[in-house]
Amino acid sequence: MENCFRLKELQIEEILSLLDLAEECRLGKHCNELNGKLIANLFFEPSTRTQYSFNTAEERLGCKVINFNPQASSLQKGESFYDTVKTFESFGVDGLVIRDRADEYYRSLIGKIHCPIFNAGDGKKDHPTQSLLDLLTIRQEFGHFEGLKIAIVGDVKYSRVAHTNIEVMERLGMQCFISGPEEYRDKEYQYLNFEQAVREMDILMLLRVQHERHEQKMTLSTEEYHQQFGLTPARVKQMQEHAIIMHPAPFNRGVEIADEVVECEKSRIFKQIQNGVYVRMAVLLKVLGERR
Amino acid sequence: MENCFRLKELQIEEILSLLDLAEECRLGKHCNELNGKLIANLFFEPSTRTQYSFNTAEERLGCKVINFNPQASSLQKGESFYDTVKTFESFGVDGLVIRDRADEYYRSLIGKIHCPIFNAGDGKKDHPTQSLLDLLTIRQEFGHFEGLKIAIVGDVKYSRVAHTNIEVMERLGMQCFISGPEEYRDKEYQYLNFEQAVREMDILMLLRVQHERHEQKMTLSTEEYHQQFGLTPARVKQMQEHAIIMHPAPFNRGVEIADEVVECEKSRIFKQIQNGVYVRMAVLLKVLGERR
Amino acid sequence: MENCFRLKELQIEEILSLLDLAEECRLGKHCNELNGKLIANLFFEPSTRTQYSFNTAEERLGCKVINFNPQASSLQKGESFYDTVKTFESFGVDGLVIRDRADEYYRSLIGKIHCPIFNAGDGKKDHPTQSLLDLLTIRQEFGHFEGLKIAIVGDVKYSRVAHTNIEVMERLGMQCFISGPEEYRDKEYQYLNFEQAVREMDILMLLRVQHERHEQKMTLSTEEYHQQFGLTPARVKQMQEHAIIMHPAPFNRGVEIADEVVECEKSRIFKQIQNGVYVRMAVLLKVLGERR
């Protein structure tokens, strides 16, 4: 493992061993184990969770951290994505954490950037560390993956989370469905009526409508969306006893999820965020650690 | 002391012991004493002094620091204040330093956020660390509080500094007055004619007109303001020999304070800023230190 | 050496000793040698290379680092440049790295700010650490300065890089020329036809057209600029065997430099960026180190 572009490139064994390493991090192991390594965080798109949980993971591991602020950079003078990344490589960093608006941005860097790259999200394609934290959360809950049923509900078409998750979850033996408005449906995946999804799934994973990635306005009003596809307290009651709610966040309270549901007993949303720090520590350790 | 929301909640003894601890920090003690503690600075409003002196205090104490940049965050995608704060708590930080535009923003967090919160200013209500640095500066100057006369001059109505200061200063036995334009007068407090305040006070504390918090435009022009309520060199000459000038800053040179007065002999403005680092170290130590 | 305002103020011996120190840093020496020193980076203008290579240098030296973000600061409430700088001095920092739009901004600080200031670029006047990294790159290439011919091509008039470089390079015995469009010509310097410069120079240093510093629009279109003054692969072939290409960056691919030329064999552009970290470490060590 030299980079972390796409989860697709990792074998199941490698993924499970990353989750094991993340669990060790959760137990307080590995602190300061990357002491002195220099990491730059390059977020060309806004981010809270991914950006600052990488930042937290790096700090916990004892790294020296450079946080790039696009708004105060030479991007404002027209400098390109590639030249910015190449500049940070030239500084001699040990690793680059990158998020960009372009699908598979890393293709333009392969063979040209010679330090490890950690993909913190590329366009609507991949988000490997998000999937890892989702898997960690699921494994903590159920102890296994085989046979679990998940429905990913909402703006699937524009969601890197959905694409990355379905690929890896199917490899792990899970049954994956999509649900939500017709207009965000991706024909590749098996569609399930929302009410049925609520009743039958082990995991309901909700997605935010990502207005910023759309070319057209949503046809439903937010009220209509909530009524038809929002997870309301009434719908939560119809879920199976053992079933859980997940969301990569940020979420829109009152749209895809009711206000009261965000922190209800079935919700694992903030647990996912906690786990985000551990899986990012694991990925950094795996790629940059001495003993890999 | 589990949080630092409002100075009101602290006993006089606790406040004086914080000032003592700040003096120790000024003498170079306690460096790196919070080694490895993880602090996130969440400033939802622009800030120079408070933001970066907290940052400096944290660095001096050896903390690992995460600086949130709202402009590059998911606030841009509509994420709420509460969900942002809850996200940082989920990262496992040891403390959160928060400034927000909303009065008493911390009320929405009580019982929901389980790590210590350091209030770096809430709307026009409280600014506890600012008051502490003001008190430290006054004690360094006069050696005591009892009987000292202070006038707070200017935009009192919209000033969290004024509200927090008057409450605690009266408890400490100081005599507090307000002065300045009629329109910014807060009826709760004792009003003093500005020329009288200049001549009779031990401490003149000037405030900036906070245009960004007003709904209506100021009726005075800046020139008129300066003429009627600006601290000019001529007025400085009328102050008592031992009297001092304070200002929480940022200040508007040529409006509430003449350019030449900012760094004159009576001014303690930059000393206040120095003290800001020490009181913030003290507050962090008190809440997060091992020996509390 | 108490500050680093302008290279002009340094003797040749001092400059050469800084380059020697930078070479030691390149070899991995001096890491963490400024352990615990507190540095604030104040960039009032956007920057990628200078800002983050100073940041990298500081991290490598073990400093505690405060990064000022103007967009989230009290500059938004009208606070001045001077008052912002004075505020950071009051925090007790050991050094300030400053870039500002104003020519010779440091003049307003002399005698008032009592900690070392590292000039990271002032308006269109000076950029001492950029010149140092250019000199380091040239010395690595040629082993000496005496007699080398350099042409600086492009927007010379508005370029602090050009002004700082020509002064020091002439002192070092180099022959300096300028070239490029008539409108950016600085009458002080010896002008050379571009085609001649391409054929005869040891070093071609290209500059970006700095639209953001101009009052008038460029008369040439970018296509015309590229045709007349752009370094194309065809022109690279006419350069001398041993000649090299430099650029302070950011560059505009397809304007002053063809896309394919940026990383061609003759280009030292990313090597310059590498060297930027080493010279900045050297300057910080020289001014803040124990043994100066």
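When the chains are written out, they are named A, B and C in that same order, and each has its own residue count from 1.
The rule is simple: a residue touches a chain if its C-beta (ideal position, glycine included) is under 8 Å from a C-beta of that chain, and two chains touch if they have at least 3 such contacts.
On a predicted model such as this, the values are computed, not experimentally measured, just so you know.
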Copy-to-copy rotation for chain B and chain C - C-alpha atoms, rounded to a multiple of 5°: 120
Copy pair chain A, chain B: interface residue numbering same or different (half cut): different
Chain centre separation (chain A, chain B; CA means) in Å: 39
Per-residue overlap in chain A, given as positions that touch at least 2 other chains: 67, 69, 71
Of chain A, residues touching chain B in the complex: 31, 43, 46-49, 51-53, 55-56, 59-60, 67, 69-71, 208, 210, 212, 249-253, 262, 270-271, 273-274, 276-277
Chain C-touching residues of chain A, taken from the complex the two chains share: 36, 38, 40, 64-69, 71-80, 83-84, 86-93
